[in-house]
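Here it is, the structure in full.
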Amino acid sequence: MLSIKNLHAKVASEPREILHGIDLDIRPGEVHAIMGPNGSGKSTLVQVLAGNEVYEVTDGSVAFLGKDLLELDPEDRACEGIFVAFQYPVEIPGISNAYFLRAALNAKRAYHGEPELDAMEFLTQARAKMKELGVTPEMLNRPVNVGFSGGEKKRNEVFQMSMLDPRLAILDETDSGLDIDALKTVAEGVNALRGGDRGILVVTHYQRLLDYIVPDVVHVLVNGKIARSGGKELALELEERGYVDYGINQPATV
Amino acid sequence: MKQATTIDLLERRWDGASAQRGAEASWLCGLREEAWAQFNQAGIPTTRHENWRATNIAPVFRRDYETAAIDALPCGRVHEELARLDLLGGTTVVFIDGRFAPECSSSMPEGIELLSGANALEADGLDRKLGQTALGIGFPFSALNSALFSDLLWLRVRSGVVATEPVTILHVTTASADLGRFSHPRTLLEIESGAKAAIAEYYLSLHDDDAVECTNAVTEVLLGRAAELQHLRSVLSGGFHFGRLAVDQAAESNYNNVSLTLSGKLVRNDLSCGLYGEGAHGELNGLVMVRDDQLVDNHTWIEHAQPECTSHELYKAILDDQARVVFNGRIHVHPGAQKTDAVQANRNLLLSGDAIVNTNPQLEIYADDVKCTHGATVGQLDEQAQFYLQARGLSRDQARALLVSAFAKEVLDHLPIKRLSDWASTKVDQWLARSASAIER
Amino acid sequence: MKSETQQIEEFAKREYKYGFVTNIEMDVAPPGLNPDVIRFLSAKKQEPEFLLEWRLKAYENWLKMEEPHWAHLHYEPVDYQAISYWAAPKSNDDRPKSLDEVDPELLETYEKLGIPLRERELLAGVAVDAVFDSVSVATTFKEKLGELGIIFCPISEAVREHPELVQKYLGSVVPYNDNFFAALNSAVFTDGSFVYVPKGVRCPMELSTYFRINAAQTGQFERTLIIAEEGAYVSYLEGCTAPMRDENQLHAAVVELHAAKDAKIKYSTVQNWYPGDEQGRGGIFNFVTKRGKCAGDRSKISWTQVETGSAITWKYPSVILLGDESVGEFYSVALARGRQQADTGTKMIHLGRNTSSTIVSKGISAGHGQNSYRGLVKINKAADNARNYSQCDSLLIGDQCGAHTFPYIEIRNPSATVEHEASTSKIGEDQIFYCRQRGISAEDAVGMIVNGFCKEVFRELPMEFAVEAQKLLGVSLEGSVG
């Protein structure tokens, strides 16, 4: 469903290339993990897939469900079914979570020619999902991410993800800043979305998250290239040896 | 017709100095002529002027000031006064009635240059430094100073020099109840690129509070690239004071001013800090503690003219009796000054029902990627805090005294040089002790 | 349903009744202002002697006054002698004959705001004879209000039918010599609204100029007087969200509110006059004096304004807190885009004990717009335990605009608690990107963030108005973000 070929990218305002030719294929229903040390280009890859204009693609292609992803605006990518759970979710004062999420849902529905969801239908759906994910109902009325703790922000991202029902979910360092209990809840939320033809891409520095979201394929990203791909045992190997085999002296455990 | 008398006096002084002007460099003579014209054009500001709306300065012009110079410099008296004010020791420069008094001053440490008199006024490059930032429409007293100052104190900290000890500058007036003085001290502080220094400027009177005195001081500060200056400015005399501070900061420089006003019948400070180089940081902080019928008016301007500059401003005031305090602080973010980060706060505490506070914090912003906040409060002591302290065993009076003292001394936290902050802290305590009964109320 | 003819007849009758125009051809005074013009105008309106004298006193004072220039506004000087101070409503010949002759951009805006076709014609100044819905609504309103003893009528009618009330309250809050523009208004005001709510009555509906058709014709010098007697309550809405095309460049309105003991007045405005084109040509100069007096103990006056129109806005709705425990509020959203300039804020004058005031100002600057908040909080010596909280936030969109904050705070009582906070922010690229990643377009994201920024003010507006104001803001900001 996602096919990345020879992807090169950089920060638009700077000359230095960050991604030096990434190749990656995710098929429906698969869970992939990208692991890599700091500065390897993990976040850049996520931002490029989401369409952040701060980054510029200099070469290569990305196809998503048969469409040229790089041609699409960020909102169209979202409506096509790409969801990014951000590492640092942005705060938007004055806009309640409920309002925001309903606007997002309805934008997507409009894109697909479906009728808008009215407030009652939305609330019924949202309450059910919140219950599943252990999100407190008052969160719906709070402004988007404003004053949320690190854990609350991440949980909110997963909640949004489950509401928007994406075809491909991308989780950027979703484990960072979480204690073990929060990590478990977040992982449960993600695992609940597993299956069917939904693809999931987990991006992380640390192996820990992969104890809870067990990937089908693990890729090691080093210096803007995928250095190695393998099964879930690759993550365990990294846990043991860190990134030292890739010339970088950083552990992969917390 | 006392007002006419004072204006007459200033005019006589202008006329009397024509010979001196004739002997001066042509640029300086030109500067003076222009300044005098500016002063005359502007006239004495009244409360109808926006910048003077809360401050009536008419009383300044109802006194008799003399022009005669003193015969002998009263160095002994100066030292007695310094002892009384705990200001003895360290490198000290003394100006008396606007003229350098070498007999009373100590020598400069290495790397710091002191120029005055002809040495200063005839020095190369002064024309590019003097009067560049302090003049301009809206500062009639700056103009008056430029027209009439008789001596210049030019303190230059040489490039790369790191001066560890603060330099004390004393501007002393010899005015007394019988002999009035209207003086125009002029100071130029130049901190060259990469240099670091601390300077404390004090304005004091040799005689008591009844002295007929008006000090019209201008201090210009030039900070070179990455230069740093800690600057304490304190008015300790009991008369009228006009103070103009104009700071010009180059890129990456760091300026920190604390203005402490505990005395003065009527004090008006116009303090401006110009962030004219990228990445500069400027601070204007002030503490005003007034009683009786004192009036202290601080007008501040922070000019964010370049990107990536930061500024910080904290002004606090405590008022007792019929005192009146004015704060007017403007943060001006120029077009293109992106990534500006400016914080301004003004906090006031009234100890008396007859005191008046006017505060006017202002933001004027012409760039979009900026963080600017200002806040002003007038209020009482925090009841919660008072209760907390009482719960820890302090009496109500002790708790209140402690909270008022903490309120005031927060400003002194911005004075990192211990010798200066200790001195200021003592002065604050002395002031508070006199208002103890008002604080307990 | 009444027949169309019936409705038109009613409208015609009503217009006659209100005495706006008796003889159209003769009712234009030559440009310029002098005592004769004022006498002529007063006579045309069949005003009692006291009002003519009052107008003449105002004129005498106005002559001696200077136009204020302290605001952060730059505009070409107004020639007050070039204005005609008594012009009957434009004759139909001068107006656009149909919507085809109206500025297409204006029409596009109506379309986006979902304004019904009939109303679009009215707003655009098309020569229509009557707006059916409004007329019938106004009529039903009047009957219902009359039963409660509430008077809601044009002030010119009140002058004739309730002269004792007008004489007692006119100028009691904004004296005829208050300021340059108020003096001018006092001398020459043509019409406006009058509201009187008797003791203990709670006005059961929002009163609105929008439904009072003649409000659209009141022209440059509108005068509004609202009186709430002891324990009364009234909520008044001024303006409408659609942009009003207007021939008059200069507007100098005066609004006076009087709240007796335990009375509450809520005054909401949406001002959307023509702002001029992109280059700053045309557009309304809006110099308004609005002031309320909390005369009685525990009275409350609340101003809410959404200012999106006019080339120049000079407006400071104020509250004089005279009664003990009285409350003043000011909630404002001001938008300056294109070449618009707004200098607006409030004055809260605390005179009584235990009085409190709240100021929430949200300024949005875009394009080359200049937006200034200017406010005064004054706590007088006798105003023990007064409290004020002010919050002024600015949002900048683009790097060519300006946002300025000029609060004046004067405290003469040590028991006062006054807090002023101001902040400035922009819409973050990261916020927009976050919204887009969730499928929301950049334009919608901006609208959403701006509405979030204004939320504290919008929630003070009556529900329907709030929804319209939100929509209006979105439409006004279209194209502001690159």
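By letter and in written order, the chains are A, B and C; residue numbering begins at 1 in each of them.
The criterion applied here is as follows: contacts are C-beta pairs under 8 Å (C-beta built on N, C-alpha and C of every residue); 3 or more make two chains touch, one makes a residue touch a chain.
These numbers were taken from a predicted model, which means no experiment stands behind them.
Chain closest to the overall centre, judged by the mean of its C-alpha atoms against the mean of all protein C-alpha atoms: C. Among the inter-chain contacts, the highest number of C-beta pairs connects B-C.
Chain centre most remote from that of subunit B: A (centre = mean of CA atoms). Note: centroid distance subunit A to subunit C, computed from Cα atoms, is 49 Å.
Centre-to-centre separation between subunit B and subunit C, using Cα means, comes to 45 Å. Mean C-alpha position of subunit A lies 56 Å from that of subunit B.
Of all residues in subunit B, those touching subunit C in their complex are 50, 54, 335-336, 338, 348, 350-380.
By the touch rule above, subunit C contacts subunit B in their complex via residues 70, 72, 379, 381, 394, 396-426. Note for the complex: subunit A touches subunit C at residues 50-54, 73-75, 77-79, 83-84, 86, 89-95, 99-101, 103-104, 107-108, 111, 143, 160, 164. Those residues of subunit C whose C-beta lies close enough to touch subunit A in the complex are 428-431, 433-442, 444, 448-449, 451-455.
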